[in-house]
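Each chain gets a letter, A, B, C and D, in the order it is written, and its residues are counted from 1.
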Amino acid sequence: MAKRRLRLGMVGGGQGAFIGGVHRLAARMDDRYELVAGCFASTAEKSKASGIELGVDPGRTYGSFEEMATSEAGREDGIDVVSIVTPNHVHFAACFAFLEAGIPVICDKPMTTTFADAVALQALVANTGKAFVLTHNYTGYPMIRQARAMVEAGLLGKIRVVQAEYAQDWLATKIETEGLKQAEWRTDPARSGPAGSTGDIGTHAANLASFVTGLDIDELAAELSTFVEGRRLDDDCRVLLRFAEGARGMLWASQVACGNENGLKLRVYGEKGGLEWSQEDPNYLWHAPLGEPKRLITRGGAGAGPEAGRVSRIPPGHPEGYLEGFANIYSDTAELLWAKLESRDPDPATNLLPTVTDGVKGVKFIEAVVESSEHGGRWTTARI
Amino acid sequence: MAKRRLRLGMVGGGQGAFIGGVHRLAARMDDRYELVAGCFASTAEKSKASGIELGVDPGRTYGSFEEMATSEAGREDGIDVVSIVTPNHVHFAACFAFLEAGIPVICDKPMTTTFADAVALQALVANTGKAFVLTHNYTGYPMIRQARAMVEAGLLGKIRVVQAEYAQDWLATKIETEGLKQAEWRTDPARSGPAGSTGDIGTHAANLASFVTGLDIDELAAELSTFVEGRRLDDDCRVLLRFAEGARGMLWASQVACGNENGLKLRVYGEKGGLEWSQEDPNYLWHAPLGEPKRLITRGGAGAGPEAGRVSRIPPGHPEGYLEGFANIYSDTAELLWAKLESRDPDPATNLLPTVTDGVKGVKFIEAVVESSEHGGRWTTARI
Amino acid sequence: MAKRRLRLGMVGGGQGAFIGGVHRLAARMDDRYELVAGCFASTAEKSKASGIELGVDPGRTYGSFEEMATSEAGREDGIDVVSIVTPNHVHFAACFAFLEAGIPVICDKPMTTTFADAVALQALVANTGKAFVLTHNYTGYPMIRQARAMVEAGLLGKIRVVQAEYAQDWLATKIETEGLKQAEWRTDPARSGPAGSTGDIGTHAANLASFVTGLDIDELAAELSTFVEGRRLDDDCRVLLRFAEGARGMLWASQVACGNENGLKLRVYGEKGGLEWSQEDPNYLWHAPLGEPKRLITRGGAGAGPEAGRVSRIPPGHPEGYLEGFANIYSDTAELLWAKLESRDPDPATNLLPTVTDGVKGVKFIEAVVESSEHGGRWTTARI
Amino acid sequence: MAKRRLRLGMVGGGQGAFIGGVHRLAARMDDRYELVAGCFASTAEKSKASGIELGVDPGRTYGSFEEMATSEAGREDGIDVVSIVTPNHVHFAACFAFLEAGIPVICDKPMTTTFADAVALQALVANTGKAFVLTHNYTGYPMIRQARAMVEAGLLGKIRVVQAEYAQDWLATKIETEGLKQAEWRTDPARSGPAGSTGDIGTHAANLASFVTGLDIDELAAELSTFVEGRRLDDDCRVLLRFAEGARGMLWASQVACGNENGLKLRVYGEKGGLEWSQEDPNYLWHAPLGEPKRLITRGGAGAGPEAGRVSRIPPGHPEGYLEGFANIYSDTAELLWAKLESRDPDPATNLLPTVTDGVKGVKFIEAVVESSEHGGRWTTARI
């Protein structure tokens, strides 16, 4: 049968944006999508200009996502799925518009700016039955899949300690007032939500910890800091964690840690062994079985299992990176959508895709961190 | 103006092949190519089967590259460029067919299996005036571009010592008799040419050394080994190097070095400083200015210049890998081809693309290594 | 003038002990001490057996530290200083005995098992005017001295975030019931004090953080865990920290983190830069000046200053280790003692030696951690 | 029985020397030697000044090694062993003097400046039956002992490839004319012998390769370079190696490789696995069993055997370094000497001490490298 690519629409990601281009590249990586429509900016004109650059039919570039949802839902060749890649405050309304129009959604994180919105979105997804995927893209890294599989298989035994961190330094000075668009909205409560570093990167670390261990965060005690004078949101966040089943841990997110670029690291220790992984060297996973020498498992090398292999493209020693991990989320979403289109069961690995429930947990995590910090670090529930 | 993608054809890369898929992904990465034709296998039937999988119009899948060259050259919407991704022994004839048909060529390395063929191809490229790019893909890594720029800017002073190596272990046992296609042709003199590890990976190391330092290899003294019993080509190659301008060095290529996956490493030392780079951690470049602490330059971080930035897609700390580096070769080739189509000068950075002359040097390197080894390691010219 | 070695006595460190041998080796490293007396064990017989092995005159091996203090204080050639290297619960009484006898003391950490004892000891040291050094040996590492000097010189600007951790795995199972002496006393409240991992290794991390930054811990919020069933003290400790002058941080100490041997790590981030150091690779210090590439400063290499050089013995690239760092504490103590004997001012670097006040802070840290953990992680003062 | 330390004498190592202090510290580390006599410098006066600083009885400091040998041999309490730590050109005569006087010798490397001298010394050692140990100190590192044991146990299978290198940068400029004593004699043919980097550090790499693999170097092909203008000996040396039993390899020694301090590295690959070790991180040994993930064996950790444990002092994760490795040579020598004094068999591990025969091989290696380089890199025997 001849190949068909899924028709992809996009909200956000116009000229000057960062993450939109990443989503498009990720969608293109395995040749399973074709970008055919978009509301790339907040005015019709700007949206069209971006669309032309991207090779999108001007008739399918829109100035509002509501118009886009309606219009695309009405076309024979309408989009199969939409990616929402705007600043956080737009996510909720945009997701709503497309889901209500019957169009599956891929949405950036954090999912919404309030817990109430997150819960409402969760209900809508349930009601519409449409696919909804949240781009917690780091879960797409092969060695993260490997780590999860190893924990699930019991290689670490009962989990005791989880250390998660995400350290950056790009906000070490007040660049949000120097015209850097990425910094502007991320430090603006109106667009970013109630938290800064916590929402932008802390949620990734929290999500990854739960993804790999299979354990939800039950309670947390946090302290937020804003080190850069005049900044309106936290730029450093330190959290004690109580996971389900008695596991304990810590989480640190910082945007002022000089010398760190995207230092997302996860360390998991159980009764029988430990795992360590770093996003900046993503093709490696340390496994320390208790009482044996540490092993360095490489993507595709001996010791890596089918879970890693399934989301790899090239042999070990030829590094895959951030874009390939991100693409795995898109390609698994394509599988999920095709399975629906073809009325078949999807590959079970699509169960690993981040869901609207993960989105709810992420927003709850943010709110719990803020609440705990405001109350002198008291233990606060993060359960949804 | 609306976007147009270049029409790409491919020779080789059908079902079961490895590098063809890499080329296609690399071409797709920046959305500048569209695969529209191919001779994916040696029979029309197999070729068509692969083409269908790849979404290529069955009317443009071919059973022979000669037919493909003729047919595509005759179409209004014929291919803009062809990628030759077959085993080595096919490169020469395929390149010839397309160049003579007026079609630009992207060809895998080593370029040909004999020096005479390489020289003949060089002449043909000159005569036809068509673009020809050799996929020494490692030159596409941002930090390799960075390293070259630093040497060129004189930051290392006069170069003294160059250490290049490419260590693998996948041929540590005789897997070529166990049905592994990739191993079969690479260890078969009829398909691979006069050398094994030397041609397959040694040429990459040699090319990279020259690319970064700007220095040709003048002479070399080599010893080849075949450690796996019954293997027909070298699986380990050790070479002393004399570069132009008095620089000296060593090169090691091995396919039996247990624990190495794709250990391509380059170390360059000059009067004023040193550089060290490893393909398995490609986003980093060590710079040791004499008398100062070593610095770790990251792709896109402070210390990385425009040459690296130009071929980067995402911020530092979000690793790019092998596919992105490979894609840079394709995207620069696209720039080269568009400049021709639009009768303008291409971006000067396209001068960094590996040329047919680099291909001649690579084949000369192989022949010199084999000759030196056969003559007790005597110093042998590698000049072309 | 002919050389004279200081006469050293030791309490503890008999057969089967670990840290006593380390102290002796550290004392011997720079040839400034001679072991001449000891109460190596809790019975006269065992003590003598150990003394003979160590080449100590049997007439100067003792069965009780009280007897030793009295006897040595009365000799013309009595010891110049005593090292207390027993389990924690003995420290206080032994220190008291020697100080009251007018003999300077080198004592292992944690200094005492209660805060009241610590304060009493502090007063006694003040009253007697005798030298007292606590072996927070990690402060003796050259690159820790370097880090402190860099912070003091303002290279990092105002400190924002401090991340300290000390991870081990040797207590991941219940080896204290398997006859391992080192594990037995460390997990026994009667001998170790109110905390396990917190006192044994957490205090090292806390001390190091303050040593390098010059900032005391003001308040902390902690959670202790005992993961190994039936263990009587914590084996994992997680703490949020508020340092003086607005710096914030975290501390993790674990003895159940599989794959970690002595993973003492310190990361310090200020307005102008960051520093990272790991005890397992102690000859290196990462320095990330904001907006410049990270540098790897090596012990004795370019970028290392006189503070590191003063406590180094061999050229960079020839690694020094734990014993050399420990020896620096002993050799600086020798300088302090000689200066007193010679009625001159000691080298100002002896001001860096860990004092009885550091001991008080360490014991306060332990008690604050335990108290905070017992009260649901509430913020608790660690000020003395 | 009361402990007795061996009486140690020293030739060389006076004020301003480097390696003498290392030898003394190494001797002191395990408290098995006492320095009691010395000819520390070339005049009686200077020798005495150094001796006083070192606490040596002025009656036992000498102005010539001949006088020292005679005098010490005649004393009841004469030295048990002498360490020769002078520049190379003095080794031969000094060794001769002490051996003929019946005194065992510890000698620095390279052993002599000519092969003839080396052979003569070997004969003398045989004739006198006195102990002779060459301080190829890197063989004392625990993980080097571990590596050797693993190769010997067949874990790597038949050895195929050996890569040895020792890269420094301290001679990247002409510091020998700037008053640096260490550089002066090392670049002076009259004191250093016929080679520079080859003798000073290349011999260490060659010795280590043979020590770990158990394979002698049969033949070599070399090229020497002197990159610093006006220097009189090689400062960079590149060699192809043919080991016994068909193993092949390369060796690189450089003193001009900017950014390298003491980059001694050894990589060994056999049919069944590989090992990698670096002197600058000596507590780790990578083991890559074919078809399994790489393991990082740590000194004292799981996976390290008794050969490493025997020469370790402290637990894994507390790094030991260069001085501890060096001390292992001294402590094993002490065992060897005590066994003779006590007329018993020494610990079999003393068989691993570098012998006079290793010294002959080292000098032969130097001469073969020089000869091969002078003859256009022709294969030259290194057999003795």
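We adopt the following convention: contacts are C-beta pairs under 8 Å (C-beta built on N, C-alpha and C of every residue); 3 or more make two chains touch, one makes a residue touch a chain.
If you're wondering where the values come from, they're calculated on a predicted model, not measured in any experiment.
> What shortest step count links chain A and chain C in the network of chain contacts?
1
> With respect to inter-chain C-beta contacts, which pair, B-C or B-D, contains the greater number?
Counting C-beta pairs in contact for B-C and B-D gives the edge to B-D.
> With chain centres defined as mean CA positions, report which chain is farthest from chain D.
The most distant chain relative to chain D turns out to be A.
> Taking the mean of the CA coordinates per chain, how far is chain C from chain D in Å?
The separation of the two C-alpha centroids amounts to 35 Å.
> Using mean C-alpha positions as chain centres, tell me how far chain B is from chain C in Å, no decimals.
Using C-alpha averages as centres, the distance is 55 Å.
> I'd like to verify one number: the distance from the centre of chain B to the centre of chain D, where each centre is the average of its C-alpha atoms, in whole angstrom.
Each chain's C-alpha centroid was found; their separation is 43 Å.
> Residues touching two or more other chains, restricted to chain B: which are they?
260, 287, 294, 298, 301
> Would you tell me which residues of chain D are touching chain A in their complex?
Per the touch definition, chain D meets chain A at residues 287, 291-298, 301-303.
> Using the touch definition from the top, list the residues of chain B that touch chain D in their complex.
Contact set of chain B toward chain D: 156, 160-161, 163, 169, 172-173, 221, 223, 225, 227, 236, 238, 240, 242, 248-250, 252, 254, 256-260, 267, 269-274, 276, 286-290, 294, 376-379.
> Okay, in this complex, where on chain C does chain D touch?
Interface residues on the chain C side: 1-3, 5, 18, 21-22, 24-25, 28-31, 52-55, 168, 170, 260-263, 279-283, 298, 301, 313-324.
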